[in-house]
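The same chain A turns up in both complexes below, where it pairs with chain B and then with chain C.
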Partner chain A sequence: MANLKTTAKKTKAQSMGLHTEVLTGKTQQKFFNPDEAENFFYWGTHNVDFNKRTELDVMDMDCRQANNKIDELMSEGYGTIVIKNPQGKHSLGVGILNKLNLIFEGSLGYFGVGSIDGPIVTVNGRVGWSCAENMMAGKVVIEKNAGSCFGAAIRGGDLICKGSVGARTGIDQKGGSIIVGGDAGAFTGFMMQRGRIVILGDVGINLGDSMYDGTIYVGGKIGSFGSDAVESPMTKNDIEWLTRKLKVAEIGSNVDLSKMTKVVAGKKLWNYDALEPTERKGAI
Partner chain B sequence: MCGIAGLIHRGKSSNVGEELQKMLQALKHRGPDSTGYALYANNDGQNFIMRFKVGENVGEGSTSVNEDENVYNERKKLVNKRLSELGATVVKEEKLTPYSYRYEIKYDKDLMEFSKAIESIESVEILSIGKSLELIKDLGDATTVSERYGLNKVQGTHGIGHARMATESGVDIKSAHPFWGYPFADVSVVHNGQLTNYWNNRRVLENKGMRFMSECDSELIAVFLAEKMRDGATLEEGMKQSLTGLDGVFTYFVATKDSLGMAKDTMAAKPLVLYESDDLVAMGSEEIAIRSILPQEIDTYDPFDGEVKVWQI
Partner chain C sequence: MAKKKKNKMKSIKKTKGQLGKKKETAREKMIGQTIGYRYDVNLLPDYKKLTPFLKKYIEHMGWDDLNWLEDVHMGYEEDRPAVFDRNANGWVTIPKKIKLPDNQQDRDMIARELLVKFQMSPNHPLVDLKKAYLKF
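Presenting the complex of A and B:
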């Protein structure tokens, strides 16, 4: 059981009644160690061989049937699966927690490849709302456009759309990278908490509204800044990171990165000044 | 959550009844309570088509009061009498269900006075008046309503439709979409979302002589646009004014005799997917609606926040 004790010295936040206790000692929280990656095994995952390839036509399947079939193919060791005729169906390719090369020849509906942790996904068409929502790791590449809430609440991985995306891209983002080759709609980066968003084109109104942390880079025009979103100077590190990421994304080779606009949280909304460094971490 | 769909063929006609039925059926999960169609058919354009109801569908989860069919028949007789008094000539009369009719009429005077006179009869509501507009709405999914009214053979240039999940008002025909843009012939509207300044706008518009038939917030859009056009605005101008005049979240379609438009609120809170080519524009709340008529690989996109678009046939 965690050891709770009252702090001797009160911070401003504590004196305002926001915090009366601090958490010390060991907790039950377990952290992922990259050195032990091979021993880190999810229930329901499969060891697959990228060289073992198959095709799956989901034209006459509903999303549950299609997802069960993908799981069945992974259990047989198939590491490269090509999905034919997705036809805008919702929730395809969700919950895949192992390495996999998943290719959709067509478009996805809502919640495509949501809650994934590890697969490399290519969608040759368009995706609907909330693509890759809650993604933990992996890489997702959308060749055409994407709907709203693209990459909502992702924790990690690279999410790339070569076309344009709708509103609220990266809403509640907690990590990872979202890279968009075209334009983005209103409220991009709304309440984002960590990670980076790159928009090579224009963005709509209220960019970065109420963002806690994280960074947004914009190549084109900005409709307006959201509450507490502020411009910050581009640094050498920013340009190095952008160069590397855009190369991985295979877009934006002709963009002058030094002219991009960098947007970060002004940190005025969340009473940041009143918090100790450790408390700031806990607030995110 | 409701589902909306629309399509417009540019430069040709097609079986819009069947196409819209497929699109709306694909959106059934967004709204199973009622389905409505506004089809712009290849009529001869000589006479007005008036679709009206004299009662409600009391089956299929309806919140309406059951009435005897004799009551409906009596109301229909009163409609005929009122038409005669107005100087309108009924060219063709069709009974579609016990509670709804399609009349072809000759009439060349003011449509607002005409509508007021007809709708002064208890429980009678004009669903639409137009020379090409055929507005059909009833309880049930898209296939059920299409089969009930024989819509799968309707040839035309464009149409909009709605699969409704009742949230703001009852499960009945009067609250179902599309809404006719009273008193303008051939204007119809469907909407997905919620409007939060409905009552404020309604009071203002009623004081200006506009009419509301339901308490469904979506009806406000049709009345709002009609009032703007009555004051001389074009359809597109009226739609742009609606982005600030209407409060809440919305994506809506509006259709006239020769055009189809869409508008999305400034928060882009309601979905819309759009496909546009030289000869066809198709759009719906979800891509599966478009895929139901265009299964081949196509390029689609989401219109941005605050976007208004209008296409001509």
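Presenting the complex of A and C:
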């Protein structure tokens, strides 16, 4: 990691409120410390107890107040929080970086539970656009339908919708799993780079358009394949993984997994070469 | 007559062809993956190889499986085993004193354990950044 040096003299940029750090040095090689202590939460986050439960009515709160209140409750050790009357508010439950059992009794608006890293979230209603965008870890279960861009750019964890989802599900996905019990709209898996998408119902046009990598499993009919998305044979590993994940998602127990369609990248759009970054440096 | 020194740059073997245009192996064709990664991204974890620490971690978080750690594998950096830390956006190297098993599944489990311990440590590089830039 580069060293950060702060210049002592106040420059014009600094007086305008901008940072004036000077990046120096080369990339530092980092090593694991095998004697690191056992710790299950990030620095600055809260160690909560699942058995400590509370309710929070957010009817008269805006999203910022509600999110601050959730954080406050976590700091008091509450591990199970039930949110009453979310009333489709946007950006609720975002940026939670520790374990938590979060239950929404109602529907969420746009960008619900985005950038989370660890919690188990249940939404007993519907969600708007970009639910769980940039999710890092944890499990999110939506009991009804979801809007477009469901799981946009997710990097890890399990995102489950028991109903149907809109267009561009898993757009720019970089890891984790998205599981949909119903149908999905157009451009599902658009530009996905890694991870897995499971659609038990039908899917719209341009499935997996411009996908670089990752896998999409479809149980129903496919509107059309997108650019560079190709069908690949189902393997024993795929079926084992699907069986395990659908059990986690608590859906699809009656689906014949061997009849699902597996879609992967055809790799014809991979226009970069195979040089490793170090070799690149040497060539410059 | 003295031989002319060969141009070093010319001696670097140029990789012909682009990714995706090379002939694939049967396995690559089957799993829909080609080279370019430092590990097999599609390798599914063998849950029989879970370490006691990881079992404890899964239980603590209340998850049913490895969750995001399913995507974590042991790769390499500068010819040494290493794990990619998505939070620090860099490779973290395994010290020489840790002896690694030959089995990739066992190595992946060790990678997962070390990564969790590293990310949750107060010595993680993000802690300093968080202290400096934390807004709320």
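One rule holds in what follows: the second predicted complex is superposed on the first by the 227 of 284 C-alpha atoms of A that agree within 3 Å, B and C clash if a C-alpha of one lies under 4 Å from a C-alpha of the other, contacts with A are read in each partner's own complex, and residues count from 1 in each chain.
Definition applied: contacts are C-beta pairs under 8 Å (C-beta built on N, C-alpha and C of every residue); 3 or more make two chains touch, one makes a residue touch a chain.
Please read these numbers as outputs of a predicted model, since none were measured by experiment.
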Problem - Contacts of A:G208 with chain B and chain C, given as first, second, both or neither - result: neither
Practice task
For A:G226, select first, second, both or neither according to whether it touches chain B, chain C, the two together, or no partner.
Solution key: neither
Exercise for the section: Tell me which partner A:G176 touches in the superposition: chain B (first), chain C (second), both or neither. Expected result: second
Practice task
Could you say whether A:I120 touches chain B, chain C, both of them, or neither, answering first, second, both or neither?
Solution key: second
Exercise for the section: Check whether A:G252 is in contact with chain B, with chain C, with both or with neither, and answer first, second, both or neither. Expected result: neither
Practice task
Count the residues of chain A touched by chain B and by chain C, then name the partner with the higher count.
Solution key: C
Problem - Intersection of chain A interface sets (partners chain B, chain C) - result: none
Practice task
Please name which positions on chain C make contact with chain A in the complex.
Solution key: 9, 12, 15, 18-21, 29-36, 41-42, 44, 53, 56-57, 60-65, 67-68, 71, 77-78, 83, 85-86, 88, 90-95, 97-98, 114, 116-127, 130, 134, 136
Fill in the blank from the handout: chain A contacts chain B in the complex at 85, 87-90, 105-107, 109-110, 124-126, 128-129, 144-148, 163-168, 183, 185-187, 204-205
Practice task
Could you please specify the touching residues of chain A with respect to chain C in the complex?
Solution key: 1, 27, 29-34, 36-44, 50, 68, 99, 101, 118, 120, 136-139, 155-158, 175-176, 194-195, 213, 215, 230, 232-233, 235, 237, 240-241, 244, 247-248, 262, 264-275, 278-279, 282-283
Problem - chain B residues within the chain A interface of the complex - result: 266-269, 271, 273, 286-288, 290-291, 295, 297, 299-302, 304-306
